[in-house]
Amino acid sequence: MSLPLIVLVILALAAAGFVLGRGRAMASAGGDIRLLHSLPGYYGWNVALAAMIPAFLALVLWLAIQPVVINGQVSSMISQGSIDASSLDLVMSDVRRVAEGLDTAVAAGALTAEEAGSLRTEFTDVRERLGQVGVALGSDVTSETLHAAQRYRELSGLGDLGRAIVVLGLAVLGAAWAWQRSNKDFRARNSVERVVRWILIAAASIAVLTTVGIALSLIFNTVEFFRLYPAADFFFGLTWSPSFGGGSELGIIPLIWATLYISLIALAVSVPVGLFAAVYLSEYATPAVRAVAKPLLEVLAGIPTIVYGLFALLTVGPLLVDVFGNGGLLGVDWMAGGTAVMTAGLVMGIMLIPFVSSLSDDIINAVPQAMRDGSLGLGATHSETVKQVILPAALPGIVGAILLAASRAIGETMIVVLGAGAAAKLSLNPFEAMTTVTAKIVSQLTGDADFASPEALVAFSLGMTLFVITLGLNIFALYIVRKYREQYE
Amino acid sequence: AIARDQIQIAGSSTVLPYASIVAEAFGENTDFPTPVVESGGSSAGLKKFCTGVGENTIDIANASRPIRESEIKACAEAGVTDIMEVRIGYDGIVFASDINGADFAFTPTDWYKALAAEVVVDGKLAANSATTWKQVNDALPEQEIQAFVPGTKHGTREVFEEKVMMQGCEDSGALKAMVDGGMDKKDAAKKCITLRTDGRSVDIDGDYTETLARLDANKAGIGVFGLAFYENNTDKLKVATMSDVTPSTQSIASGEYPVSRPLFFYVKKAHIGVIPGLKEFAQFFVSDELAGPDGPLAQYGLVSDPELAKVQEAVASETTLTH
Amino acid sequence: MNQMTKPEKVAAMNEAKISAEKVQVFYGDTHAIKDVSIRIEEKTVTAFIGPSGCGKSTFLRCINRMNDTIDVCRVEGNILIDGEDIYDPKVDPVQLRAKVGMVFQKPNPFPKSIFDNIAYGPRIHGLARNKAALEEIVASSLQKAGLWNEVKDRLDEPGTGLSGGQQQRLCIARAIAVSPEVILMDEPCSALDPIATAKVEELIDELRENYTIVIVTHSMQQAARVSQRTAFFHLGNLVEEGATNDIFTNPRDKRTQDYITGRFG
Amino acid sequence: MNQMTKPEKVAAMNEAKISAEKVQVFYGDTHAIKDVSIRIEEKTVTAFIGPSGCGKSTFLRCINRMNDTIDVCRVEGNILIDGEDIYDPKVDPVQLRAKVGMVFQKPNPFPKSIFDNIAYGPRIHGLARNKAALEEIVASSLQKAGLWNEVKDRLDEPGTGLSGGQQQRLCIARAIAVSPEVILMDEPCSALDPIATAKVEELIDELRENYTIVIVTHSMQQAARVSQRTAFFHLGNLVEEGATNDIFTNPRDKRTQDYITGRFG
Amino acid sequence: MTDTAMTYPAGKESGQAVRRKTSLLEVDALTRRRNAAERRFKIYGIVAILIGLFFLVALLYAIFSNGLTAFNQTFVSVPVTLEKSAVEQAEASIVKTSRYNAMIDEALAAELGRAGIATEMKPADLRKMLSSGAAAQVRSFVLANPGRIGETVTFDLLASSRVDGYLKGRVTRDALVNDKNLDAAHLDLVDLMQDKGIVEKRFNMDFITGSDASDSRPEQAGIGVSMIGSLYMMLVVLFLSLPIGVAASIYLEEFAPKNRLTDLIEVNISNLAAVPSIVFGILGLAAFIQFAHLPQSAPIVGGLVLTLMTLPTIIISTRASLKAVPPSIRDAALGVGASKMQSVFHHVLPLAAPGILTGTIIGLAQALGETAPLLLIGMVGFIASNYPGSVASGFLDPNSAMPAQIYEWAKRADPAFYERAWGGIIVLLLFLMTMNIVAIILRRRFERRW
C-alpha cells in the first residue's frame, strides 16, 4: 500500500470514526443532545483523533525506522571489496537506484514482477533494460548490486505490507476503543481539548526547538573558531580585517557598533513614520482611505531587499552626497561617498515602515471605544487621547511591532552591503561607510577563504554573538513592556 | 529516500557562469538531466563537498582557487578521499573605468602607491596622502583616486594583493626600504598589502554588477572586474592596460598579462559510476568544443587553459589528487 | 458624521443654559430621538427619566457631542448652549466637552493609576499650576465623590482594579476634576450603595450652586430628591418636562403617570 | 493561581446548595474577603448587600471560580456546591460554570449579534435539538429578561449597540438561556428602570422554584422584595446572614443596622 | 503633554479649579494651542503616510521603468530545412547542438537572400544575431518530431540579447565598438530584416513561464519555473507557519502558566525574529539536509526554513493582538460555561484575527522575498529544472525561487539580465499581491470596534 493511500485510508477511518462516535453518543442519549456531557461533535472528534494520532505517530516512526532496518539487512550483503572500492553509502544508493529502476520497469510493463525478482546480470544487460524505460544508471550493474537490489525490493515490499497492517490496525483499534467509550457521560470535550492543548504545546515548542537547533548548528563551528582565534581578540578587537594569508584581525566591535548604528537610524525613520501612519490610519482616516493605504504600505515590506539595496546605492546615496558631501547643499563636507551608515539606515527605515504601521494599527484599533469616550468626554483633543490613553494601552503590541522592525533591521544584509558598504569601520560619523555583523556573516560564509580557517568559521561566532546580544536586548524590551503595560478593563 | 538522478554542483560564483553554460549544453546534448549548479562561494561549495560521500552530498565543487591542504584533510576525515582536480581555465582580472573617462595605463607600482595604507616617504612609513593618480605617477591623468576593489571575502582580492599590491611594493622598492629600515619581513609584506581606509579604496563584497553600479554613481572610480564581465560591458567600461599589456583571453593565456587566477572544479571519484552522467559531465566540460579557445566558454570570457589536453587526459583517467 | 440642517432662525433663548430644538437622532435607520425640544436652566439639576432604551443616554450624549464618535449616529436639529449652537461648524467639540463634562453609564476608568485617572483632565486643560495643586485637585475630587477614604492609600494602583461602585465614583471624580460648567451624569449612582449614593447626591446638590447638572436616573426617589426639573422620555420622545414636583405629583401625560406609578409594560 | 488549603474535615452540609468555609481572597496583597463562611440554601434567593467595595462581587466570583481569570487573585478556604469542593483539582471549572451561571456587574455583551449572544451558551452546551428549538430558547430567554419586545426586530444587530439597560438585560437573558442550577447576579437591575426591574424581579421569583439564586444589590427594597435570605458584607467580612425579614427588622449587628438605616459613613 | 503648558488660571484654595466662562464660538488661547497641536498631529499622520506612499511610488516607478521591457522579446523567423544526413551527422557528434548551428546559419543566409537583403557576412557570422539557444530549439523539435525530418520548418528563433537590446534602445552602434559578440554591421542587417518582417519584437510569454538559461543566453531566461518553486515554498510556509504560529501564540498567551519558563520562551521567540535569515539557512542545511536527509535544492526544504523564519513574525503579531482583546470578552464566555478553549476559539481569536492576518501578510512577504537562507540549501544558482511532473516532485525536485532567480540575474555580466531581474521583480510583486489579497479582504471583514 503506498504512502498516500495509507494516509487517505487513515483519514477515511477517522471520518468514519467521527460519524460512528457521534452516532453512538447520540444513541446513548436517546437522540437528545441535551443529555450528553459534550456536544456531539466532540464525541466524533474524539474517535477521529483516537484513530489518527496513534496511526500517524506509528506511521512516522515506521517511516523513520524501516529504511534503517532494510539498509542494515541489505548492506550486510555487500562485500567488503565493493565497500573499499567506493563507500557503503554509495553502493547502497546504487542498490536503491537499481531497485527503483526495477520498480519503474515493472510499473512501465517492461518487466514482469517475477522477471524483476529473478533477473540475472549474467543473462541480461540490466543497465540497458532499465535505460529503455528511462532509468539512467551511472555504471553497469554488478551481480552483487542486482542481488542486493532484489533483496531490497523484497524487504521493502514486506515492510510496506507490515506498515499498512500495523498503522491501519492501530487506527482501527484506536477508533474502536474511543468509540466504545462514547456514551453520554463520557467527557468528550475535555478529552478533545486535552489533545488540542498538547497540539498547542507542541506548536509552542517548535519555536524552542528552533532555538536549540540554531544554537547547535552554530556551536561546534564557534568552538572550532575559538580554538583557532583568541576569544579576547574577537570580542574586544577594534579592527576587522580578514585576510587570506593569515594574520587576520577579526574584532567584532566595529561590526556590532555599525549594526546598532544602522538599526538605530532605521528605527528612527520607521518608528515615527510607522506610528504616525498607524495612528492616522486607525484614528483619523476614513475606512476607504484605510482600506487602500494600509495594504499599499504593506507592499513596502514585500519589495525584495535587493531593490532597496539598489535604491540606496543609486538614488539615496548620491542624493545624500549632494546634500552632505563636499560642495553639497549644506556646504559641509561630512560625506565622502554615497555608501554610508545613513544611506543604509534611511532606506532600511523605509522598508520597515509597514512593520510598525500595520501591526500598530491593528492593536490601536483593538483598544475599546470606551477608552476614547472617557478621554474625549473630559475635553481632551483626539491627539491627546491618542498620546495619553490609547498608545499606553496599546503599548505591548506596539513594542512588539517595533521589536519586529528592529529584528528585521539587525538581520538585513542586502541593503547594508549596497547601502553601507562592505568595509568595517569604527566611527561616530553616520556619513561614513561601515558594515554590520549580518553582512559579514553572509560574506564570510559565501566567500573564498579556506572553510576550515578562522576567516570562514568566524561567521558562526558572529552569528552566535549576535544571537546572545539580541537576547539581551529582548530581555530588556520585555522588562520595559512589563513595567509600563496598562491593561484596559 | 529516492535515488538522485541529476548531478549536484556547488561552489564558486566566478565559475558559476561557465558551469551553467556547460550544464545547459550538457542537458541539451545528452540524455542526462541538466545538472544543478548552486552558487554560494568557493568556500561554502568545498565545505559542502567535504561533508561526506553519498547521495545527499554534492558531486562537484567549483572553486576559484585550488583546494587547501586543511580542506583536503577535513574532506578525508569525512570520508571524501579520492578527489579529482580539474582546472578549466583562467579568470583574467582587469582594471576598468567609465567608458567616457580618461585612459589609464597602470603598473603595479601605481596601484601600490595609490592604495597602500602607508607608504615609505624618505625611508619612513607615513600615511598615504595621495589624492590623485597624477600624484602617484606623472603619466597618469589628473583624476581623484577612487578604487573599487573586491572585498576580503573574494578570492580575487588575494590575487589583487599578491599580483598588484605586493608586486608594486617590490617594484617600487618600498619592500626593500621597509626591510632595510629594520622591519620584519613578514610585517613588511603585510604593510605592502594593507589598503587605506579613508574612502579612497572601497571594498566590494557583492559582485561585479555592484562594482559597475558604483562606477555609475561615481564616474571617477576605477573598478576591478573579471575579464568576462568586462567583455560583456564594453559599452560602459574602458579597460586599462597593466604594465602596457591590454587584457584579453590571448594575452592572459600567453602569460603576458600578469593578473589572473586559475579556476577549478573538484569531482568526487567515489560518485563516478553512481551518479548518472558524472564522468560524462566532467569530460564534456573540458572538451575542446566547450573549453577550447573557440568554444562558448572562451566566447563568454574564460581564458582557456593552454594545457587543456593534459586536463582532458587526467579526467579521462580519473586521476585524483595525491597529497 | 453628524449632519445639521441649518437653523432657519434661531430664536433668542438666553435664559436657558441649554436649549434643544427639534433634535432627531438616528443610529443608521433606527430613529432613537424623535423631535425633542427642551430647555435646561442654569444652576439647576434636571433629571432625565424614562424606561430603559428610551433614548436618555442618546440625548445626553448629544449635549456634548459624544455622539460624534459613533459612526452610524446622525444628529439633526439644533442644540444651543449659552445661546450658541454647539453643532455650528465653528464650534470646537473639544472646548465644548471641556465645558460640558460627562459621566458615562458604564464606568470606563483609564488603564492608568487612580491618581492619573483623575489628574488627566486637569493636566490637559492646564488647571494646576504645579504638582501640589494637582494633588490638591485630585484629593478634593475624590473626596467629593466619596472615594477618598477607600483609595487614599492606593492612588498609584490601576483604576481598573477597583470594584464596580468604586469605578463609578472614580469616573464622577474624574469628571468634576475639570470643573465643567455643565455636568452630564448618566446613572451615576447605579452601582452605589445607599450611603455612597447619598454622598453623591449631596455632591450634586453642592455643585448645583455653580453648575448646571443633567442626571439620568432610574430611581424616581433620586430624581425627586436631587432634581429641580424632570424630563420624561419614552420611545425616543420627550413626553413631558417640568418642575420635578409637578411631574411627580401632577403629571400631565398618561404615560408619565403610568411610568412613575410603576404601571407600565 | 488558586491555592486551596486542604480541608481538615469537611462537615456534612448536605442541606445547603452552596457552603463556603473560611474563604479568604487576596488581590496581590489586598485582603478582599476575610474568613467568610456561609451556607446558601437550595431554591432560595439570597441577597448580598453591603457598601461599595466590601467584597460582594469578589465573593460572588469565587462561587463559580471566575476569579481564576484574575492573575493576582488568590482564594483560600473551601467552597462546596452540593457537597463537592469546587476548588478540588478534579473539578472542571467549565462544568462548574455551566452549573453556576453569572451575570456580571458591568454588562459585557459579545461583539456579535443579539441572537448569537443568547444562542452561544445553548449552542456550546447542546441545549437545543435543532434551529427551531434554539430560536425558541433565545426568544423565551429574551422574553423572561423583558427585552424581547425591544429587540425582536433587530436580533441580528450587534449586542454592543444596545442601550445600557438593554445590555444588562441581554446579559441576564444570556445567563438564563443555559438554565444553570445556580444563578449569580451581580447588581442585575442597576441600569434598569422600575418597570424593567419589576420584570426581572418577577423572573427571579419565578426562577426560584427550580434554581438557587444569589443576587448582589444595593437596593434594600429590592433585597427585601426578592430574597428570602440576606447576607451583609462589610470591609471584606460577612457581618451577618439570616432570613431577610430578620435582617431588615431585627439586625443583630450594629453595622448592619447602621447600613440598612442609611446611617453609615 | 508638552503642548499644554500650565498657564491657565489655576484653582483656588479649595483645590478645585474654577474657569472663566468663554463662548464656544471663540476659541480661547489654550484651546487654540491645543487645536494647533491636534492639527499638527494629524498632519504628521498624513505626512507619515505620504512618506510611505511616496517611496512606494518611487520604488515602483524604478521597478516598472526598468522591468517592463523584459516582457517583450525579439524573435527571428527562419525556415530551416531539416536534412536527414545533416541531422544524423549532428546526432553523432559530442556537442550535437553545434552542428545544428551550421544548419541554422545556412538557413538564415538563404532567408536573407530570399528577402533580397544583400550582405557580405559569412553565415557563421550571421548567427551572432541569434540566441545560442537556437540550435537547442531546433534539436528538441527534431527529437520531438522525428517524422518531420526532411521537411522545411519555419522556426521563431530568439534573437541574441544584443539584437534584442538594439530594438529596445539599450544597445547602440557606438556601444558595439569594442564588443566582440556583435558588430554595427549586424545592426544594419537587423534594420533591414525588421522591415521585411523577419525580425519582430513581441510579447514574450516565455519570460513568465520559462525556466532559467545560462549566462550566455539571457534572451531565453524566464521566471516561470522558479515561480513554481516559490509557490511550493509558500504553500509549505502558509500551511505550516500560520497554524503553528497561531497555535503557539494561543498556548503562550492564553494557557501557559506565567512563569520564568514562559518568559524565557517569550524572549526567545522575539529573539528568533532577530536571527539573520542566513542563520536559518545554516540551520536548514544542518537539520533538514544533513540530518533529515531531505534532498538538496528542494522547495520543501526551502519552505521549512522559511517557515521557521516566519514563525516569530506571526507569533509576535498574534500574541500582540490576543493581548489586545479585552478580558471582559473572555469572562463573558467563561461565565456561560464555555471552556477556556472555546472562549479562545469562539471569541478571542476572531477578534484578534486582523492582527494575525497582518502578521501573516508581513511574514509571507518577507518569506517570499528572502534569498540568503536559500543560498545555503542550494536553491540559488543555475537550477534550470523543468516544470515538476507531479505535486510531490514539485516539493522534492531541485528548484529555485523567484528572489533567488532575480538575485542571480542581477549578478550576471550581460546587461540583458538586468532588465530581466527587474521584470522578475514585477512578477514577484504581482505574485505577492495575489497572495495577500485574500488576507487583506479577510482582515477587513474581521475588523470591528467594541
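Details
Each chain gets a letter, A, B, C, D and E, in the order it is written, and its residues are counted from 1.
Convention: a contact is a pair of C-beta atoms (placed from the backbone, for glycine too) under 8 Å apart; a residue touches a chain by one contact, two chains touch by 3 or more.
Going by UniProt, the chains are A = Phosphate transport system permease protein; C, D = Phosphate ABC transporter ATP-binding protein, PhoT family; E = Phosphate transport system permease protein PstA.
Remember, predicted model here, so these are calculated numbers, not experimental data.
Common partners of chain C and chain D, by the touch rule above, are A, E. For chain C, the chain whose average C-alpha position is most distant is B. Chain closest to the overall centre, judged by the mean of its C-alpha atoms against the mean of all protein C-alpha atoms: A. Ranked by number of C-beta pairs in contact, the top chain pair is A-E.
Averaged C-alpha coordinates give centres for chain A and chain D that are 48 Å from one another.
Mean C-alpha positions place chain A and chain C at a centre distance of 55 Å. A straight line joining the Cα centres of chain B and chain C is 82 Å long.
In chain D, the residues that reach two or more other chains under the touch definition are 94, 106, 124-125.
Shared contact sites, meaning residues of chain A that touch two or more other chains, fall at 189-190, 310, 369, 381, 384, 388, 445-446, 487-489.
Chain contacts: chain B has residues 1-2, 4, 13, 40, 44, 206 touching two or more partner chains.
Pairwise, the chains that make contact are A-B, A-C, A-D, A-E, B-E, C-D, C-E, D-E. Remark: chain A residues 369-381, 384, 388-389, 392-393, 486-489 touch chain C in the complex. Across the complex, chain E meets chain C through its residues 1, 4-8, 10-11, 14-19, 21-25, 27-28, 30-31, 34-35, 38. Interface residues of chain E, counted against chain B in their complex, comprise 94-98, 132, 136, 139-140, 171-172, 174-181, 213-217, 289-290, 293, 295-297, 375-376, 378-385, 396, 398, 408, 410-415, 418. The part of chain E that touches chain D in the complex is made up of residues 258, 327-340, 342, 346-347, 351, 448, 450. Within the complex, the chain E residues that touch chain A are 1, 4, 34-35, 37-38, 41-42, 44-49, 51-53, 55-56, 58-60, 62-63, 243-245, 247-248, 250-252, 255-256, 263, 265-280, 282-283, 285-287, 308, 311-313, 315-317, 319-321, 323-328, 339, 341, 351-352, 354-355, 358-359, 361-362, 365-366, 368-369, 371-372, 375-376, 403, 406-407, 410, 421, 425, 428-429, 432-433, 436, 440, 444, 447, 449-450.
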